[in-house]
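Below are structures written as structure tokens.
First chain A sits with chain B, and in the next complex the same chain sits with chain C.
On to the complex of A and B.
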């Protein structure tokens, strides 16, 4: 189809008062290649939109460049359907709001930004959604405990089909051994009964749920809407195709044998919380040592948890579970001496009232570290602790039973670390550090990067904790419940419902060819020009989502439905054979090449900013909204992720005479903020290899700088930008100007 | 450090002595931070930590009986009204003291006080027959069926020479306001409020029973008190033991009389007067307006508010038995009040409690400010302006 571009410059919001629009349109007209260039007093008004539509119709436009406000606002107003290429040029937030009005340098900035927008629009093609006619919208739920049962029920309630796989011969998981639940309604003081059997029966009677018991997942291959699942059940394999997966395999108690210092394995009357719960379920609460009734009890919280030698994290549910178990004793005999040794009692929300009730019941709460559990010589046990609140060591009177709240370990942490294939002799080592994947034999993914979900810490599947906790690093697989993070039963129920809805979103999005979070609905996906592939494996190694498998000859095998459209593969590819229809190495390269670089005698440096569009770009917008001003030498290009940055752009920019390049990406490391997990980290690694390019050009390494930035860091932007500009001024102009 | 033993028996004993909410405490420590002892330096300030003391009580652990801690609390109630758990901290203090005093281990300095209250019906070592000596020169009516109110004069104002002026002023004012009142006299006993706070539960029971028998026997239905400590005890402690009367602090009666036009003040005051809210009148009794209304009704009186006022009023340090405590200069809460009043240009610091007058006067003298600032009971300020 013939490309016909319309450039629309908005005169509103003070743009006309700050810029010479006539000159701007004149310059733009030279680049639109037969298109049109128009101005309107207020493009986002109904009249403005009608005007654009009228021009589209009259002129047959299929590409639009709207030079007005930031693309982060008015996106619903400037929506002309998927068939029209739309490029927004940010004249308001990033030009007139942070630079001097009616100034030559501001005008040049506006012209460069508009020109880059036009180049991009001209090179873009409307994406064609990926589709296959064997897409499935069924949801696989792995694990039939409380979270799994909830996820399956919620899936069915929403009108989707669920396939539930449970390893044991009964549904219910941990709840099978639970006697009562902590309070969940006013006055939050009494325990709650629950009927697991009724829930199981309801689930089994639900039409849209297919249940496999005594079953395990032998393998999962494919991607969202195309997952092929092989289930081992009753000795025979069963195949199911599903669209998304909810992982609810839960957690197991921390191995109490490692808690010898708290008396486990030393004294028979030191037991775990689960053992005590089972005693109450079986209504035989007696001392294991002699079968006598329990007349006094001490609970030790954080037994293993929040302990660097055991589980460094808080297991979250034990405080309330222990309060609940203390209540069991107070209910059967209010005079029973009950001690609770704790570090911080995490009884959040209404549980505070339950905690208070236990205090009123006369439970003795001791805050501090337990230093010993000893035999008192007459068959009882004495617990000694350093009590923070009196600043002194304290000892209990003799107790009959000591209960350890031994925390929880996710089932995904049980297994040997998966070892990525080590590169053969002479092969280049991959840039990205390998993911931490534990072969826990749960999902058995047929993914090149490993068989399970990558973990961030402690074996819990990694999610983008800050922004989207349900996500994992494998598209379409959503962990929920205690396998995702330590949590109590109430949160697990909410978590499972949330994950089921995320899974449904995923199958709906994918079946329309769209991306899931965070580029929700993006119809583009990477296309590989395979003839030029050198099998370097960088794309397969570096994809944060494991979207790319490889064949036996190491050729990449992309799975478009696994793709999140970040473009990390595009940034990784040394041959530049990976492109999106609306985002490619050549396209950004040509935008860079379209920047006008005045010669060195004009003393107008040019600095390229490649800004992550998730955090850095909005921060730049915020700087504009707050009217923070900075030098007009900067030319800003948003990137899907800094991980999509291809080093060739830096070479392109420097060899054109651009004085410096500033890369603005998200914080990486432990509390990473990158929406694509390791994009900014990969950019940093690639940056370390820029030296080669700079040496070739005989340029100073200081001409390229990477800064980590979150949205909230916008007040720092002027300083970041100005200090870089000052450093470049010290270095002097790029000698390649004019070439 | 050798471990201390948790004693459930001791914990339960303290509980039974009245520390019903001791276990509610979650040890946040807000009480300790709000405690006025934090505002002064010195040994007591450093050793007394109400959070820690309650912690020891919760576990029945030894250590809380240390005199410097256990008897430091002035029961001002600042912690209690701000406690996020609604812990009745003063009851806890009282119960912990009772567990020690009840076992015959009252601190030596308090024994003569308790002994006098046992023997004389007042803690001031005043012979019972001299309880009415303050009335000399005044025609104080005797309570009888013809009298609406029984005027109960605090022991402090019966025996302490400085304090007797308060009783006299109140009598003059009530007379001027045409209130029908009368006193009983030597048979009256101390209300026992402070004795109970010290922890002598048995003594309190004895005093209260004696008073209840006396008052009920004389047909008392309405009581006017001179001290807010008596007001509080009659209102809050006596009903459970059979003493149910309508109880008023004298400022309530006078305030009403002024509003009804039965009482007016004609002589110009012309002074800047600051009002110190007594803990038992304000925080414990909820009476903030009557004394202020009365000051406002004085012609030419410039009322000054102190830095800490009403609910956040700073204690004089005389409650909870502390009026018998020896506190070195520089560690007295009253000194902070005096400094504050002076900084605000007050010429008179008025209050409405004999204990407060006592404590603030000591503080003013120790600071050498007696020439700049007069400490007065509100009734004294008012009675001077009667025509």
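On to the complex of A and C.
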């Protein structure tokens, strides 16, 4: 379709009072390539929208440039449907609200920003969603314990088909050995019965759930809506196509053999919480040493947990599980002496009421670090501890049984670390920091970057984001329950239901060609111009989501349904062969080239700002809303993620005479905030390689700076911008001006 | 999914805080029509007023921005601010809901230009800062408000100033005679996510909140530390605006206490550890003391606890604070507490005391107006079982919880709501 562009400049909100709109429109008209350029007193008003629509009809416009307020506001008003390319130029928040009115430099800024917007609109194509006719909307649930059973049932109840794969010959997982559950409803003091058998039967009778028992996942290839799963079951391999995966393989108790200092393996009457639970399930609660009934018991909490030599984290569920087991004893005989050795009793929320009940029941709580478990010489055990506060030693009377609350380790932590391919001789070492992947033989993903979900800390493939707890680093694979993070049973049930929804959402989004979080619904996806690929592997290595595989000749094999549309691959590619229809290296490059750079005698420096659109760009808006002012030399281009920054833009800008480039991205490092995980870090790494370009141009390295910024840092923006401008002033003008 | 299902497939989410936003977005992104109703003039709820989250110490605006953007890009979500649910009748798959829209006195023509604010002269207490500062009678709810639309304080209605403000708007956006408005929605399921309120600290009379100016609560501390807060993010003593050198945190202020809240509020330990870092970052010479019963840093939050605890400027004292007094001359507040380590009674002076007050579910204050009633426990939390099919609690109305758990639970609630719409 022929491009017909309409540029609409808003005169409202003080824009007409601050800028010379005639001159602005004149300049815009020169770049709009046969389009039109109009002005309206208030574009966002019903009259303004009607005016735009009328012009669209009369002039046959299919591209709109709206030069008014920030694209972060009036989004619902300026909505002209998916067929119209719409570019918003931010003249209000980022121009007139931060800069002097009726000033030559403010005017030049507005002209540059508008010109860049026009170039962008001209170079954008409406995205065509990725689609295949063999998409599946079925959900694979891996692991048939409480979380897995819940995920499968909830999926089916929502009207979707679930495929459940369990490695043992029975469903139920850990729950098979659970006698009763801690309280979860009023009065929050009574234990709760749990009928696993009924739940298993209900699940097996559910039409929409296909169950494989005694089965393991041999391999998973593909991506969302296109996952091909090979399952090893009795009688040979089975193939299933699914749309998304919920990972519910749970956790296992921490190896008690490593807890010899607490008497495990030394005394037969020192057992684990799971062993005790099994005794209650089998109704034979006796001392392993002699088969006699248990007439007194001591629980040792944090056995292995909160211990840098064992599990540094808190296993979350053990305090409550131990209270529950203490209650078993108190229920069978209220006179049984029950000791609980603890550090902090973590009975959060309503569990506090249960804790109170145990105190009323006469349970003896000792706040101490256990120093030893010893034989009393007559078959009993004595637990000694140091009181945490006073350091004074505390000992129990002789007890019959010692129970270790030995914490939990995620099943994903079991295995050898996966080693990324080592570079062949002559190859560069990969720039991207490798993911921590443990080959736990659970999913066996056929992904170039490794066979399992990347772990954060301690082997948990958890989300790093507080606001988005389901964001694993592999698209369409959602961990839930104790494999994701230490949690109690009630939380695991909720977690599994939530993960089931994320899986459903993923297949719904993907089947419409849209991206999942955080660019939810984005219909664009990267296309590769393979003829020019040099097999450098940067895109396959740097994709934060492992979306790109490789063939044996190192050609990238993109999986569009795994893609999150951050553009990190586009930023990584030295050959510039990766582009989105509405976001490309050439497009941003041409925007940069359209900036007018006055010659050095005019003493008007030009500084390019490449700003992360999630954090830095809103921060710039907030600076405007707060009417903070800063130098008018800056020209701002928002990026999907700083990781999509291609170094050629830096070279383009510098060789054009732009004095400096400021990259504004999210915090990286351990507590990173980048919602594409590594984007801002990758930009930092690429920056270190810019030196080569700068040397070639004989320019100072200080001309390029990266700042980490969150939205809440907006009060710092003027200082950040001014200090960079001041440094560039010291360096003097870029000698390439005028070339 | 079968398209022949009967019943109303839309979902009402009540409460636009973290839980409500998440529930609304997760359901809408799965393809369902969602109505999101929020009482305040902006979305974001309680977290919008926080400075940073534990354990990453990142600002809530980052995740909120992503969520707001998801709303902008999703035509399936309709949001109503300054709106409350008046009545819910019906059953799963077929609820009739009455919504009351409170007047904003500013209509959709508002561009956010600020002319009205420039025309205003009267200042009113800023509700966003819990009244710690004041704003113009015409104001943006806060600088990061979504939607970015002004609101008028009703106090000035009927004055000449109100007319001037009206005249100042070039777009005819000020409507001084705007009235509350009722309208009905038909939905298949309801998610109730109205969140929590801080326990009224003045009820713990021996702590002197409301009387001693240098005794504040943890929610006030969040505003004091926020860049958009009343002090521009500087933690200063309310008594005299002076800096803080020694701060105390009183844990379980009202929580785990049968005279107040019998349960544990779950998040206050971590909130105080976090708030200690706020001060220490600003004032490297400062000291923080945390008086606690147990430090409940579950799961990987343990790492955060270990990190803060290892800072030598932070002291943790196990003991329940008995009484707080303030010197009327200097504003110095003295805490009396039995140190369970030494068994001694400590009396220590501080510049500022932060009460780690707990969470009260909003449903304990404002019941869900449904017929029949949604079952609550004795403390006002929404029960997950035995309730009305089709109405689900999410987030802190079901139990005290942190932000990540709220999002997780809201996502689960979105699934249950989707399931309920199939039953119509």
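What we mean here is this: the second predicted complex is superposed on the first by the 731 of 739 C-alpha atoms of A that agree within 3 Å, B and C clash if a C-alpha of one lies under 4 Å from a C-alpha of the other, contacts with A are read in each partner's own complex, and residues count from 1 in each chain.
Convention: contacts are C-beta pairs under 8 Å (C-beta built on N, C-alpha and C of every residue); 3 or more make two chains touch, one makes a residue touch a chain.
Since the model is a prediction, treat every value here as computed from it, not as a measurement.
> Clash or fit: how do chain B and chain C relate after the overlay on chain A?
Because the two structures are overlaid on the shared chain, the partners are seen to clash.
> Which partner does A:397 contact after superposing on A: first (chain B), second (chain C), both, neither?
Only chain B; A:397 stays clear of chain C.
> Identify the partner contact of A:356: answer first if only chain B is touched, second if only chain C is, both if each is, neither if none is.
both
> Quick one: classify A:389 as touching chain B (first), chain C (second), both or neither.
both
> For A:529, using the defined touch cut-off, is the partner it touches chain B, chain C, both, or neither? Pick first, second, both or neither.
Neither partner.
> Give one of first, second, both or neither to describe whether A:337 is in contact with chain B, with chain C, with both, or with none.
It touches chain B, and chain C stays clear.
> Between chain B and chain C, which makes contact with more of the residues in chain A?
After superposition, C is the partner touching more of chain A.
> Taking the superposition on A as described, I'd like to know which of chain B and chain C A:75 touches: first, second, both or neither.
Second partner only.
> Between the stretches 26-34, 224-232, 314-322 or 332-340, which region of chain B is in steric conflict with chain C after the superposition?
26-34
> Is there a shared patch on chain A that both chain B and chain C touch, and which residues make it up?
Dual-contact residues (chain A): 345, 356, 389-390.
> Under the definition above, what is the set of chain C residues touching chain A in their complex?
Per the touch definition, chain C meets chain A at residues 1-2, 5, 18, 25-27, 29-31, 51-53, 55-70, 72-74, 109, 111-113, 140, 143-144, 147-148, 170-171, 226-228, 232-233, 256, 262-266, 294-303, 306, 318, 340-342, 377-378, 381, 383-386, 399-405, 407-412, 414-416, 418-419, 422.
> Please name which positions on chain A make contact with chain C in the complex.
12-14, 42, 44-45, 69, 72-76, 137, 154, 157-160, 184-188, 306, 312-316, 344-353, 356, 389-390, 457-458, 460, 462, 465-470, 485-487, 491, 494-495, 497-502, 504-505, 508-509, 516, 518, 520-521, 614-615, 618, 622, 625-626, 666-667, 671, 673, 675, 710-715
> Help me check something: in the complex, which residues belonging to chain A touch chain B?
Listed in rising order, the residues of chain A that touch chain B are 337, 339, 345, 355-356, 359-367, 384, 387, 389-397.
> So in the complex, which bits of chain B are touching chain A?
It is residues 1-8, 11, 15, 23-27, 51-52, 55-56, 58-59, 61, 63, 85 of chain B that touch chain A.
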